[in-house]
Structure formats: C-alpha cells, structure tokens
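Before we start, here is the structure in question, set down as structure tokens.
Order of writing sets the chain letters: A, B, C and D. Residues in each chain are counted from 1.
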Amino acid sequence: MAVDIPAEVVQQEQVGPGLYRLSLYAPQITRSAVPGQFVYIRCTDNLDPLLRRPISIHGVNRGRGELFLLYQVVGKGTALLAGKRKGERLGVMGPLGRGFTLPAPGQRVVLVGGGIGVAPLVFLGQELVQRNNQVCLLVGARSAHQLPVGKEGYTAPFELAVATDDGSCGHHGPVTDLLEKILAGEGADMVYACGPRGMLRQTASLLARYDVPGEFSLEERMGCGVGACLSCVCKTAGKGGEPLQYRRVCVEGPVFPAEQLVWD
Amino acid sequence: MAVDIPAEVVQQEQVGPGLYRLSLYAPQITRSAVPGQFVYIRCTDNLDPLLRRPISIHGVNRGRGELFLLYQVVGKGTALLAGKRKGERLGVMGPLGRGFTLPAPGQRVVLVGGGIGVAPLVFLGQELVQRNNQVCLLVGARSAHQLPVGKEGYTAPFELAVATDDGSCGHHGPVTDLLEKILAGEGADMVYACGPRGMLRQTASLLARYDVPGEFSLEERMGCGVGACLSCVCKTAGKGGEPLQYRRVCVEGPVFPAEQLVWD
Amino acid sequence: MIKPNLAVDVAGIRMKNPVTTASGTFGFGSEYAPFVDLNRLGAIVVKGTTLLPRRGNPPPRIVETPAGILNAIGLQNPGVDHFIEVALPYLRQFDLPVIVNIAGDTVEDYAALAARLDGVPGVAGLEVNISCPNVKKGGLAFGADPDSAAAVVRAVKGATRLPVVVKLSPNVTSIVRLAEAVVEAGADALSMINTLLGMAIDIRRRRPALANVMGGLSGPAIRPVAVRAVWQVYQALKVPIVGMGGIVTAEDALEFIMAGATAVAVGTANFINPRATTDIIEGIERFLVEEGVSDIQELIGAAHMS
Amino acid sequence: MIKPNLAVDVAGIRMKNPVTTASGTFGFGSEYAPFVDLNRLGAIVVKGTTLLPRRGNPPPRIVETPAGILNAIGLQNPGVDHFIEVALPYLRQFDLPVIVNIAGDTVEDYAALAARLDGVPGVAGLEVNISCPNVKKGGLAFGADPDSAAAVVRAVKGATRLPVVVKLSPNVTSIVRLAEAVVEAGADALSMINTLLGMAIDIRRRRPALANVMGGLSGPAIRPVAVRAVWQVYQALKVPIVGMGGIVTAEDALEFIMAGATAVAVGTANFINPRATTDIIEGIERFLVEEGVSDIQELIGAAHMS
C-alpha cells in the first residue's frame, strides 16, 4: 500500500550533465514497489513550487530499504531535488500507479528508453533478468554526453544498445531504428517503452506493423498523484462503444498497453 | 548612495536562542552606512516569501568591508536568513533610510533598546563613543537568556545596564525604569530608542516629562524599502496646519524625532 | 485544559469538526484513504457529479502557477448513478457526513440530480456548483447571474429535502448580491469560493498552457480573495458559510473561521500534503487550547467584533 | 543576428521597448533611480495622482500573502500641482515617456485632472484609474459599472488631447463588457489589471491584518487572472493593451504579450528586485534572439493564432 513518509537522503550523486541519481531510505516504499511505479516528491518546505514532482522508481535495494531515482534537472522542482544532501528528508508518497505487466518467464523482451525515460526501464530490466527473461535495453539520447545510462563503463545485467541523434555514440539516428531492426530480425515477444511522445508514437506504429504487444509508461502533469483530481489524464480508446476515454496516468497508468493509447 | 548587491556571507553565528549575528561582505554599503540605517534583504531565490526583509545595520568594519546584522528568527524570512552559510550570496539593498542625528561631541546620551531593538543602537553607541560622547546603553528583554546583547561576557566600549521582565538579569522590570532613574538623576542630553511600540510610547512620555530630546527608530511592514510604495508609513504630527501626516519609515525614517510621532 | 469543542452544524449537517474537503480535490475519498483516516474528517464533499457520465476536457488539464494551480478538468465523472452504486457504499463505512457536489447544464439537470439524490441513504447534503457554463444561456455561468443562480436553487430546493449548500463563484462584481439571491431562493448554506477564472501561456509553444485555454485558479494564491468573500457575505447575511480557497494550514483555516465561516474546505492543499485535512484539524485544536478558547463557535466571525 | 526591434506604440505613446512601471509601485521614478537606469524603460507610469493632496489610510497598509501582497495605501499623494512642480521636472531629465495615473472621487475630479495635465510639457499620456471608490455613487467603484466608467472616460477625453489609457479592475463579472464601454467612450488604450479585492486576518489579534480591512491583491499570485483578462479583451476588441499583474520575469511579460498586450507594466516585482524592469527588457530581447523573432510586434497576441 502506498504511504507518505519523510524519506532520508542516503546518497545524491551527479552522474551526467544535469543528471542525478538519488538514493532514499524508504523501506515502507521499497517493500512493495514494482517496476513502472513512481513516487511523488515534495521538493521544498515552502509554496514555491507548490506541487510535488513525480519521479519513476529507477531501482530498489529491498535489503537496505533503499529507493533509487534517476532524474534530469529541467526546472525548479528537479533543481531543488538536486540540492538535497545526505541526511536531509523529503516528503515522498509511493509506490504509486500501475506498473508494467511482466511477461512469461523466458520470453524475449525489448526495452526502449528515450532520454530520461530509461529510468523506470532499468528497474524493469533488473526484475526481468531475475525472472529469466531475455532482455535488451535500447537507449536513445540526443548525444553521447546526454546518455542517462549506457555510457562507457556502465554495467547492466542485460544487453544494451545505444542510439544518438548526432551519432556521437552508438547508432546514428533515433532509438526506434534499433527497435525496428530487432523486430524485423530476431523479433521480440514484448516491448516496453518510456520516453518522449514522438518516440512512443513511432514505437506504437512499429509495434502495430510487426504485431508485437507493448506497454508504455507515460508522463502527464499531475495534481494529486493518487487518482483524486483527474488532472493527469491521457487519451485512450474507450470502453463499451465510447470512441475515447480519458484515463488517469497516476492510477490507471503510468503504464498503459500500447494499443489502448490514442495519438493525435 | 544606496546599492543593490549580491553580498557574500562572511560569517553566520548563533548568539542566543533564535538569535543570530550575520556578517556580510558589502563594501559598497559599509562605505556610507550610518547608525540607524538598514538594509533590505532578499532571503530566498524563489517567491516564498515574496518580499525582502528589513534589518538594521548592527555595525560595520569599513576596513574589511563587512556589514554586521543582529537578528531574531520570528518567521519564514528570518529563518531562511539563519540558514545561509559562509560563501552564499544574498541580495542586499542598502544603506537605506535616514539614520540617527548625532549629538554635539561630549554630550551625555542614553540608548534604550527593547529586545532585538538594541541592534542598531550598538552601531550608534560605537560611533558616539568615537565622537567622545558619554554613552549609556540600556537593554531590556523578557528574561536573561533572551538578552540580545549585554549577557555575561559581552563587552562594549560603553556603559551598559540590563533590565528583564522576570528579573533573571539586572533590574527586575521594564527597561524604561532604568531610563527614568537616569533622567530623574544625572539626566541626559539626548535619548535614542528602538524597541517594541509599548516601550517607545513609555519612553516618549518620559522624554516629554523630563523635557529631553530623543530619536526613535521605528519598524513598519515594508513593500519597496525605497519610498516608492507608501506602504510603511507611521503617524506623525502634520506640517502646516495638518493635524497629522503619514511618513514613510523607509525614507523619512526609520529614525524620527520622538516629538513628531503620534501614538494612538 | 478540557478538550475544546470543535463540532459545528452547517444547516443541519452535523460535523465533528469544521474541516471538510473541497469538491474535485479529494475524489470520492477512497483515493486518499491510504494516507488519511477519513473517520477524522468533519465531512467529505465529493467530486462534482452530473446526471450522465462526462468525459471531461483534453489534457493538459493542469498547470502550476505562483502559489496556485490552474485546472480545467471539465467535470469528468462517472455520473450520479455510478456514484450512488459504487462510491457511496464505500463512503458509508466511515462515520462521515457525505456532501454531494452537483453540476448541470440546465436548471432541469440540477433538479433531476437533486431528486435522484433525495432520500438516498448516506447522503447528508448537496453542494450545488453553479459556476459551470450554462449551455442553455449561451455560455454564461449560472453563478455569474443572480437570477439564474436563484432559479437553480429554487429548482433544487423543490426537488429535495436535503440541506442545500450553494457554492458561489468569485468571478462576479458583487458576491454579496449573488449570495443574497440564492439565500432568498432557499439556500440553507453557502460555500465559497470556487476557482478564479485564469489562464497561462506556454511561451515556447506560443499557445495557452491548458488545452481548454482558460481554467480555474486555486491554491494559496487565491486565499486573500476567498477570505474577503467570506467576510463580505458574513457581514451581509446570516447564513452558515463553508469557506475555502487556498487553505494549507490551520492558521489559514482560522482566517476563514474568524472572517465568518462555520466550516472550511481543504482543496489544493491535499495535493501537497495528503494529510492536510487532519493536520489542520489538529492545528485548530492546538490553537484553541493555546488561546484558551473552549468552543470553536466563539471564533466564527470573531474578526468582525471589536 | 541583428538586434530585434523592441519598440512599440501605445495609442501614440512611443516606447523604446514594451516595459513600463505599474502605478503606485515605482513612486515618481526618483526613488528607484539609484538602482535602475530610468532611460532604459519603455515608459514610466507614476503613482496615482489626485487634484488635492491625500493623506492615505492608516497603517498597517501592506501584508504579505502567498506569492502576493495586499495593499491599502489609500492613494496617499502630494496632489497634481506638486506632481507638476516637483516630480515632473525631475523626470524630464530622462528620455522617457511619462504617463500620469489619475484618480478622483467624481467624474468632475477626473475631468479637472485631465484638464490640468493637458498641454503640460513632459506628460506623454494619462492612465485613468477607475478602480477607486466613487463617493458620489455611494461607494460603488466606477470601475465596476460600465456606465459610470464610460462617463469618466468621456469626461477625461473631453478635457485633454493626451492619449488616454483606461485602467480596468478585474473585480467584475465581465471585464470585456467594461472594456467595450470605455473604448466606446473614447479610451485610446486599456491597461489591466488593477489589484484583486482581498483581505487577510491576523488570527492572534482576531482582526483584519490591514487597518483598512480590505486591500488590493497584487503580485505573481494574480498573474493567471491578469493574463486571462488580457486574452479576453484582446479577443473582443482591437485596442492597444498594457498588461500587468504579477510580472516578475521576461517569461511572465511574454505571456502577456502573447495574450495580446502591446506593452507590459511591472509592479510588485520592483519590490523584490529593483532592476526587475531592465532585467525583463533584457530577457525579452534574449528571447527574441533565441527564437529568431526580429520584431516584438510579431508576438503581440501570438497565442491567439494557430
């Protein structure tokens, strides 16, 4: 069950330009957290910024009760977060949302991460490897130095391929090129993706073309984070004859089956 | 001339319960600062709290370009100020306002400070001593541990007497008792006071009774700090037939001749 | 000192303390149940309910502004029948008056909703949201025109025996005139304020930040406007007021109570602190003890005295 | 890239950039001269001026609220003659259009002020503040009633050849109706918004925090309301708009410009940062360069396109 706790900062580490890895002591959250879920963080004690900030769970160490986050500083909230030091406490609600549906053990899965969207996929990959899934993580970024993971020296317990828009590392082009090569070649049983809207849209059309199921983790501006305010909706195919329906990213998501999402 | 500069914290020192002494590197301000003037400080980079906070100049070290402040944490702004560490920078406007009028050299003056109101009087006392005035500082507080200055071990280049409401240090009673004793005894040429409204009012009536001139430093909620918004007014006797007139504490004050002030 | 009395009565709705939730910010209660003990609330006001389910507006529906948020949810809700069949049974397990916020496009919608909810066990009262666009009257809000507001209230009162709280919009020249009209029309209590009409622009995209262009401003930013509205209406009328708008702390809640509110509702603050409601209840109690006040009633409208 | 053009024209008042000051927040200019180069401003709007000197309200006159302030200055000012004799000669040393904000209790007051300022060298235009209590009409604000607002504007226009900017209050049901009425009556430009009516309570003293009880809310808190007002009026009318309300940064100013403002005024932000005006001018210029926009005109109302 989700809780709201004052979580202590165990470690704050800068791992790239504007990119941080934060470890929080939050055993009440790590206990039940699954990949694809997120936490909702109060970055300040005052009213500026007013709202909490949603950040995906990047990993957990259940033994130590530690929760890992990987985040990019893009504005006020994330900048405040990056200023938090070991020993400080942050209001953290979680685990929130519906995580990824796990595939049958042994199935081959591809994870597609665009930019910071890779954060929840690393957690997912780790769980999948433990379940004996064959995992390949594709990471896309604008350029080598903006890669959130997958840089030289980065070790992961799964296969990893990189694409950069400027060709400074790995494939020169969008990360979806790598996905297409896999789908056209050895194929995949399941694709999980998280990243910018354009990347997800392109991934959705590849999945449709190659008839592979997929799940996407979405981002939307949030109010409550718990399903109460209906702020964070995304457009999905409707149930029971309805042409479309707005669903809440914070509780019905952030992970949605790819085929339910409506792009426009 | 007043400036607005990013002043670096040279030292932040807790000197009592909720009481801090802050030293800022601000040569552009110390250069021309006189006792009774204040600085207007931005305590945060964000919008909470929105306004700057006025703090009296407690002293200067012109040689080193250091500005000293003595302040009590009473709310958000002062709490943020107390959190600033050596090397951090604060937006500081100053020196602002009209300071104390200095007496003729050799004259005997009494300074009456209630609580944190003593802050500007210490700066004044130091200047007066250099001008060969005979200075006596009377300090009032609720109790010994709340004395902003004048505690055991405190050294000042002038005479000092203490009064506490609970008798835990010095005279048991209001600081104005000490003033009255002086005025009724050896007398004084000039009295300077800063402190709570009740204390100033009582001081005003003593000055009237003993026919001694005085100047009071006032506090009012401020907007601009520079005379532009007319937020910070106090009630004064009017000029030219007007029964009363509102004057701006930030530019016509914070120091006013005692006899100009209207108490109601 | 003896525990001070916090119980209040809003037009027959008995609340164990003056703190309720602002409609639309607390869902149907279940969403916040993991974080806060619903039994401790004075009452709950649920999300705005309409006759038929509503899809709501396209996203983005929310944007943060200084000490506030703009929202344009567009009344997405599963409809009154779903409320009665699913949400209400859940809430009935708690010791908690349930106030149903209702909204419609026409006077008839409101009357039908009131009739549908009349006599439904577990419903303690209705809050009539008249700040929604009135389709029949060409986009003018009911809440902006005293005559149409009164018409809605008369229709609702005619269709139910439940206590009727009418929720006023601050986007008017005189909230007192509006209050007078709806009280005259039979409102048992008033709640105020709904959101201020606002908007924000995404300067990079050169487009309104909300898909709906305009939205409602809530949060601490609007508190001074809300306190003023409560003050003015309390001064003009003797009717219980539920005050809201930017309440984050017990001190904020006490401002509304001293301005004349019998109860207060906590909205946007839930998003910042899911225990905002109970923290506020505790804070009010602490204040009463500190100030030696034995009954919250003593503070209602206290700032008008002296 | 070539320096982008920032110059704008508001009803004949030529500004070298779109940034001016909000009346009452920048005094008569001299107060801020130690901190900011007045020559760099697009224009200056001075403190509200009345026929005779005004003493103003008792203190406290200001209270801080979340991302805002409430003020109740009560139009303390030395009167129009003092302005012409003392403040104006000071300002004339700068290369800067001076816009005089005028306020009165009666239509005749406004007309007299306009006549007094007509032809005075160094006055570039008038800003008519119609959000003040109208003594003759029993405390109702001119600004809340389209007819009285129009009457003031007609009287002012009849008394001066100067460009007349009319400053609108947001405390109305429809700011568009008000705008239409004053433009119909001859307003050359509109400025908006004045402060929102608000109040705060000091819960320890159990009294209103301001001696005047109510005050005007300004600052970032009100920005969404102000942007909305500019958007609505721009959509309804073709008249130059000076936008204001909570502008702190260049991004904030650009929201107003894209919503339809030809120029913007900086108010409360001066209190936080005495160089707010020039920082904003620099920021706007930077934005234009970054976005490859050669003329600020391209952005006026840009969020209405597409």
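Miscellaneous remarks
We take it that a residue touches a chain if its C-beta (ideal position, glycine included) is under 8 Å from a C-beta of that chain, and two chains touch if they have at least 3 such contacts.
The structure displayed is predicted, hence computed values, not measured ones.
Annotation: B-D is the more contact-rich of the chain pairs B-C and B-D, by number of C-beta pairs in contact. Spacing of chain C relative to chain D, judged by their CA centroids, is 34 angstrom. Per-chain Cα centroids separate chain B from chain C by 46 Å. Averaged C-alpha coordinates put the centre of chain B at 36 Å from the centre of chain D.
Taking each chain's centre as the mean of its C-alpha atoms, chain A lies 55 Å from chain B. Taken residue by residue, chain D touches two or more other chains at 66-68, 219-220, whereas all remaining positions touch fewer.
Counting only residues that touch two or more partner chains, chain A has 47-48.
Chain contacts in this assembly form a complete graph, since each chain touches every other chain.
Against chain B, the residues of chain A that register as touching in their complex are 44, 46-48, 76. Residues 1-4, 42, 47-52, 91, 93, 220-235, 242, 244-246, 251 of chain B touch chain D in their complex. Across the complex, chain C meets chain D through its residues 65-68, 70, 144, 171-174, 196-201, 203, 206-208, 213-215, 217, 219-225, 227-228, 231, 246, 251, 254-255, 258-259, 287, 299, 302-303, 305-306.
Contact residues of chain C toward chain B in the complex are 66-67.
Across the complex, chain D meets chain B through its residues 24-27, 31-32, 34-35, 47, 55-56, 58-64, 66-69, 71, 73, 76, 219-220, 248, 268, 270-275.
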